[in-house]
Amino acid sequence: MIDHTSRPVAIELSALTKRFGDMAAVDGVDLQIAEGEFFSMLGPSGSGKTTVLRLIAGFEQPTSGTVSLFGRDVTTVAPFDRDVNTVFQDYALFPHMSVLDNVAYGLRVRGMSRITRHARAREALDRVRLADFADRKPTQLSGGQRQRVALARATVVEPKALLLDEPLGALDLKLREQLQVELKELQRSLGITFIFVTHDQEEALTLSDRIAVFNNGRIEQLGTPAELYERPVSPFVASFVGTSNIFDDAVSLALLGRRGTHSLRPERIGLTVGDTADGITAPGTIAEVIYLGTNTRILVDLDAGQRITVLAPYGRERFSDHDRGARVTASWRDADVISLQSPTTPPTAPSEKTPIEMRSR
Amino acid sequence: MIDHTSRPVAIELSALTKRFGDMAAVDGVDLQIAEGEFFSMLGPSGSGKTTVLRLIAGFEQPTSGTVSLFGRDVTTVAPFDRDVNTVFQDYALFPHMSVLDNVAYGLRVRGMSRITRHARAREALDRVRLADFADRKPTQLSGGQRQRVALARATVVEPKALLLDEPLGALDLKLREQLQVELKELQRSLGITFIFVTHDQEEALTLSDRIAVFNNGRIEQLGTPAELYERPVSPFVASFVGTSNIFDDAVSLALLGRRGTHSLRPERIGLTVGDTADGITAPGTIAEVIYLGTNTRILVDLDAGQRITVLAPYGRERFSDHDRGARVTASWRDADVISLQSPTTPPTAPSEKTPIEMRSR
Amino acid sequence: MTSKAPEADTSTPPTHPARDRVAAPSITLARRASTYLSRHARLRLAVLLSAPLLWLGLVYVAALAALLITALWTVDSFTGQISQTWTLDNIVAVVTGSLYQTVTLRTVGVAILVTIVDIVIALPIAFFMAKVASPRLQRILVIAVLMPLWASYLVKAYAWRSVLSQDGLWDFVVAPFGIESPGYGLPATVITLSYLWLPYVILPIYAGLERVPDSLLEASSDLGARTWRTLGLVVLPMLWPAIIAGSIFSFSLSLGDYITVNIVGGTNQLLGNLVYTNVGAANNLPLAASIALIPIVIMFVYLAAVRRTGALNNL
Amino acid sequence: ACGTTSGSAGPTTAADEVGAGEGQVSILAWPGYVEDGSNDPTVDWVTAFEEDTGCEVTSKTYGTSDEAFSLMKTGEYDVIAASGDASLRLVAAGDVAPVNTDLIPNYDGIYDFLKMQSWNSVDGKSYGIPHGYGANLLMYNTDVVSPAPTSWDVVFDKSSPYAGKITAYDSPIYIADAAVYLMTHQPELGIENPYALDETQLAAAVDLLKGQRANVGEYWSDYLKEIQAFETGDSVVGTTWQVIQNSVTTGNTAVVLPDEGATGWSDTWMIGSEAKNPNCAYEWLNYIASPEANAQATEYFGEAPSNEAACEFRTEGSCEAFNAGDEEFASKLWYWSTPIEKCLDGRTDVTCTDYSQWTAAWSEIKG
Amino acid sequence: MRLGRLSKVTLGAITGLVLALIYVPLLVVLVNSFSTSKNLVWPPPGFTLEWWGKAFRNAGALEALWTSVLVALSSTIIALVLGTLISIALQRYQFFGRDTVSLLVILPIALPGIVTGIALNNAFRTILDLKLTILTVIIAHATFCIVTVFNNVLARLRRMGTNFEEASSDLGAGLWTTFRLVTFPQLRSALFAGGLLAFALSFDEIVVTTFTIGGGVETLPIWILNNLFRPNQAPVVSVIAVVLVVVSVIPIYIAQRIAGSEQTRR
């Protein structure tokens, strides 16, 4: 994993704001991304991820704030003069050019000779294992192949940073998982900075060195995958990154004996038949058992009034559909309960600044 | 869970084949779906799922074979004369009609009076909790709301079976999980047959009574979620439904001491530092540790030459990125190893006919 | 697991509020026809195609064929009656006559020039409309481009005659800058025809540009192409079908025009004039038909050449 | 008769009597000949006719004689007002029938010099009633063209100082203007009648016109075009009609009948050989030959009337402006006739060039 | 594309300039309609309202206008029906000779008007022995108007896909009901746009009309043509032209509104 603190800064956003009419699509974002980092922006639809990317690439002009690339303020520099390249969500392959010409495009506009640029483009296609498809038109490719062409096209010009806007969004799950691995390997082998936009939390967790969780144009939390998952700072982050059981003030008081908002991950909850269990316990009734293959997801209506989700991995006691209505006891360790701060002032580097309750092992 | 053997047959496909030019999109499919069943078709892109659905709905004419609905051969009957309704992948809501008129459409073409049909449409909207949105245009709805309108529109005419073509495919993960639950509840309350097409194995496992796994226009395996997950009949099913480590003949011999193709689920493998472990053991080196929040995925290069995936749930010994390169021992129970038959003659009801190795608990 | 869950309600059929089931659609005549037609795709196609094909075939193709046959006949110069004796004389005269070669070259030259002028003017305007203007401005611009279509062709041609005349508006406004009015002649014809057909060229190009996704333009600049390179390498190639669609209008309308050239063309005549003169004068339809073959052949060659670009679907 | 070779069904004998009106009549005419007030409520001589006779008039206008000729072929028109460059063609094609002038009381009032001329009669048979007449005069811009021209030299001379600003009438019949010029300037060609040219004579005229083309700024056929051209100065000299001179508002133009003489036209009201409403057609011919109607129609269009008495009904001075009734003026004019193979000048040793040859020649001239 | 400010301004300037140039001749027409010159002479010698008064009392012009509207409307309606049928056939079915059919639709607009004109004139008169009437004009106009409807509807059908139609038949609607309730409403704005262009083509057509119109009928362009041969009518023609341009804003604006509201819906 890349340690972002010890490396030179690749991309720096300062107080970046972009308004469309009244609405602030991006609202005062400060961010530093290190060279060689795999950085993801995660957030619900409309939270401003794409807009940040477009501001970095130069397709949009910020309303205020600045964008610096590799130490140079590029806020007013045109896209074609910025040393970053983009892989678009819809790939934006030129439909009238062959795959090879698409990949060679960036070299062509840099004035490279036909022979050289074709040779390089073929190398790049080789890297994404599409050498045999060089002469096809983009429409003759499948979604996954197109995505790889887009990657080859963006990387062949050897940018210092690559911006990827949900490049896997249009693909089906299996293909997606496969391409995630390839993407990660590509990034390792090229060693360049990736800024990756997604709304899929699992994808972000899988790939990233660090993740910024966006909400309403602001960064709600910034940190490594583990920091986000294990120490979310707000109910929003807790339920956006993975599934969480959120206990509000009243439920917290009833179940935990203290006030405040708390979250608890489904896999940290144990479930036993009857009423013997360690740690904090709460009795309830099974409402639904969903077989997931790897795990089983169980919804339990606690007597305390809250419905909670429990994730039982393979190997623990197994529940099935027939157990609906069975009386069970849910149990968890108090250390696994996360106390959530209110999200009013989202810190940009929560790992250093925020006083959150640490989970002791 | 519905027992499909004891109920009357809702839909029956016999030797159903559909060719487009040379290519058989659907290749001799035999299938019986029981009334009230939640039946899923799962398979990779292009495997023929949509085509089967369109043959059932009547949008395509089979090249050969027959389609029967509720005991009546409808092979040549027009879509508008078939007693099934479809929820389309893109919903296909009529953009020029309000939500209410969309839902009332099927009643309108049946000649129902304006007042009656609006009343019924409102009830149906109520059922999907969209009563307040009756006067909007479809474009003014979010993806999830549109999906519910499409459901209401298809169910208000009280079809005997509902065909759903990846109705959740276009939505993002969070919304999708939420709507899966709603869909299941709706099916329970209406009690009608659902035929559900998806390429998302988790979705299929979550929702279905039975699943048919498609590959190249044929049914590769048919069974309950647990049957598919725990007793896949081929490497294809083993890796399409969940992740599997597949051991070919040579590796099987080396690791298991017997010939044949075998599969082993990542979560059934334990990992210990050093070389003490129970059951079958194999030493190796950690190649990659991927943090998934709920679980940790660890790739291990076995000394035997195979790279395996191990899924370590929360609570077991924890590995992190820093453990790359560490020496570990993988261990599993022989009972968890699944022997795969070759997929040449895919059985339509594997649970009864195929001699697969049962996992003993 | 030892405890047994209570029997879930899923195995019992759902209880609907007591009321009628939704009835099947009633069997009307239209419905019976639907049912029949839905089984017979060929018949459906025949129903759709018969009326338009009959129309185009009977009205147009037959008329065109008859005209071409007429080209093989002669006319009695004394009575003006067509005599139906087969001869290639007219066609030979047209193919070999130097007059026809000269006028054909002139006409094609004018048509090409008009087309080029229109495309060159239409491109930046269409680009501005499609890619720069706000939706509101876009709407206003479309109206602004369409409106002149409604001021009669003749009136506009005469307006140009007035503008180009000696001491006319052109000389009044532009001549002080050193560009004198070209007067009446071929340049005036090209100007006027370009003016008349411009909206017919702007509209398809504008529509074509709207179909070029912005993301492609962004991708190009992202890859380092400056604006002009993007236009040359991405926009223009994608726009070809639309440009050709527009050119079919300007080219064919110019190819057949004989009125504008009369009004502003000075002494020049175009193919249209020759055809027109011969239909009337001595009522020599066979010769007129033979001359008409020239633009017909030119357009067929042109259409065949552009068909591959897919432009024919973008008129 | 000429028409016999046509083989067409048209009658070659005139009617004997005018019966009861059919209640309608369809007329093909130059614009301005059949006005019913729809274009200008103050310009209307059709309504009176309709009220008098009960014949409803439907009319169609045409732009050139050639267009008229092809329209008449449709057989849809009872009456046509044809210029001399169309009339004989119509006769030859059998599209019009002889007219019994005895059935037209107002025929008596028509100038004699217009009656039974080569363009309105064939073999001693009248084919219609003269409408009005005019000359193809030479118009010039008095500011630019000096001295005032008295000869067609200014338009035909290759070294005319007005090159580029010369205009000429855009029709094959303009070849006759060249022939008139050649009659004076190349008498050796032996041209007797500008509408009866043998091949050599035609070739000479064509040569002259090809030479002229280099100097022509533009040809005109609709007169708005010529009026504009003279008012703006784009044209400074060329053939014209009196009405055009009268319409030019800039006041710096004049017309002259050059010494060589000039071509002219006298239109003829003819009756279609397949007329479905012959009685109303005769009614119309009689009506339009009446002094009142003839005055209105000819004044509106801008030409001399054919009925002597019409001048009493025209505005003061308007008859003079068109030299109406001036026999000397009229005698200098070669009225448009359709050139046909049988030489109109009576020669029998050669065949003359016909209108289709003139048409081809005209296309060649314009190039 | 993020254009530089300079590019944007340049493009805007070109657009503005060309549009201004487009309107200069129309301005000349406007000025002429108030000019005391009867002959469209520049510069206008004086100002008068005479022609405006005359134009509105000009029965012939009004009748010709009505004829033109009738002709344009009729041929547009025919073109709408035929164009829609043929585009559905071409877009929804694969069959032998598809390319020929689409060429056939384009041909009447692609071949010069004078060719179409004399071909139809010859066919009507000498082959079919028909009397030229307003009907023959309508037939001729409809023939070359089909293509504008065809293009618009074809593009719309392509974008629409078959999903909605399938959804409709899935819900029990027969072919006709599906067309009436689902296909047609979505084609409406394409039909309007195609129809508008068809109307404009027909409304301003001279050449084909000249050869296919019968006696006693004038369309407006023919009326204008004739009046340019008639003394003293040129300024009245200018008035008519100005009125047409001004009045044309209404249908164009409606078309834009329909298309626009659809765009935002998409």
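Order of writing sets the labels: A, B, C, D and E. Residues in every chain begin at 1.
Simple rule for what comes next: contacts are C-beta pairs under 8 Å (C-beta built on N, C-alpha and C of every residue); 3 or more make two chains touch, one makes a residue touch a chain.
Because the structure is a prediction, the values reported are computed rather than measured.
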| remark: In contact with chain D and chain E alike are the chains C
| note | Contact-count maximum falls on chain pair C-E
| query | Relative to chain A, which chain has the most distant C-alpha mean position? | reply | D
| Centre of all protein Cα atoms: which chain's centre is nearest to it? | C
| query | So which chain is the furthest away from chain B, centre to centre on CA atoms? | reply | D
| request: Find the geometric centre of each of chain B and chain C from their Cα atoms only, then give the gap between the two centres in Å, rounded to an integer. | output: 51
| task | Note the residues in chain A that touch 2 or more other chains, in rising order. | result | 58-59, 78-79, 321
| note | Note: chain C residues in touch with at least two other chains are 24-25, 34-35, 38, 158, 161-162, 165, 167-168, 218, 220-221, 279
| chain D residues counted as touching two or more neighbouring chains | 67, 73, 224, 228, 232
| request: Name, in rising order, each residue of chain B that touches chain C in their complex. | output: 1-2, 36, 76, 78-81, 106-107, 109-112, 120, 156-158, 188-192
| Mind pulling up the chain E residues that touch chain B in the complex? | 163-164, 166-174, 177, 181-182, 185-186, 265-266
| request: Within their complex, state which residues of chain A touch chain C. | output: 57-59, 78-80, 85-86, 88, 90, 92-97, 105-106, 108-110, 153-154, 157, 273, 286, 317-327
| task | Could you please specify the touching residues of chain C with respect to chain B in the complex? | result | 9-14, 16, 21-26, 34-35, 38-39
| query | How about chain B: which of its residues touch chain A in the complex? | reply | 1, 44-45, 169, 172-174, 199-202, 205-206, 225-226, 229, 240-242, 265-268, 290-295, 297, 311, 313-315, 320-321
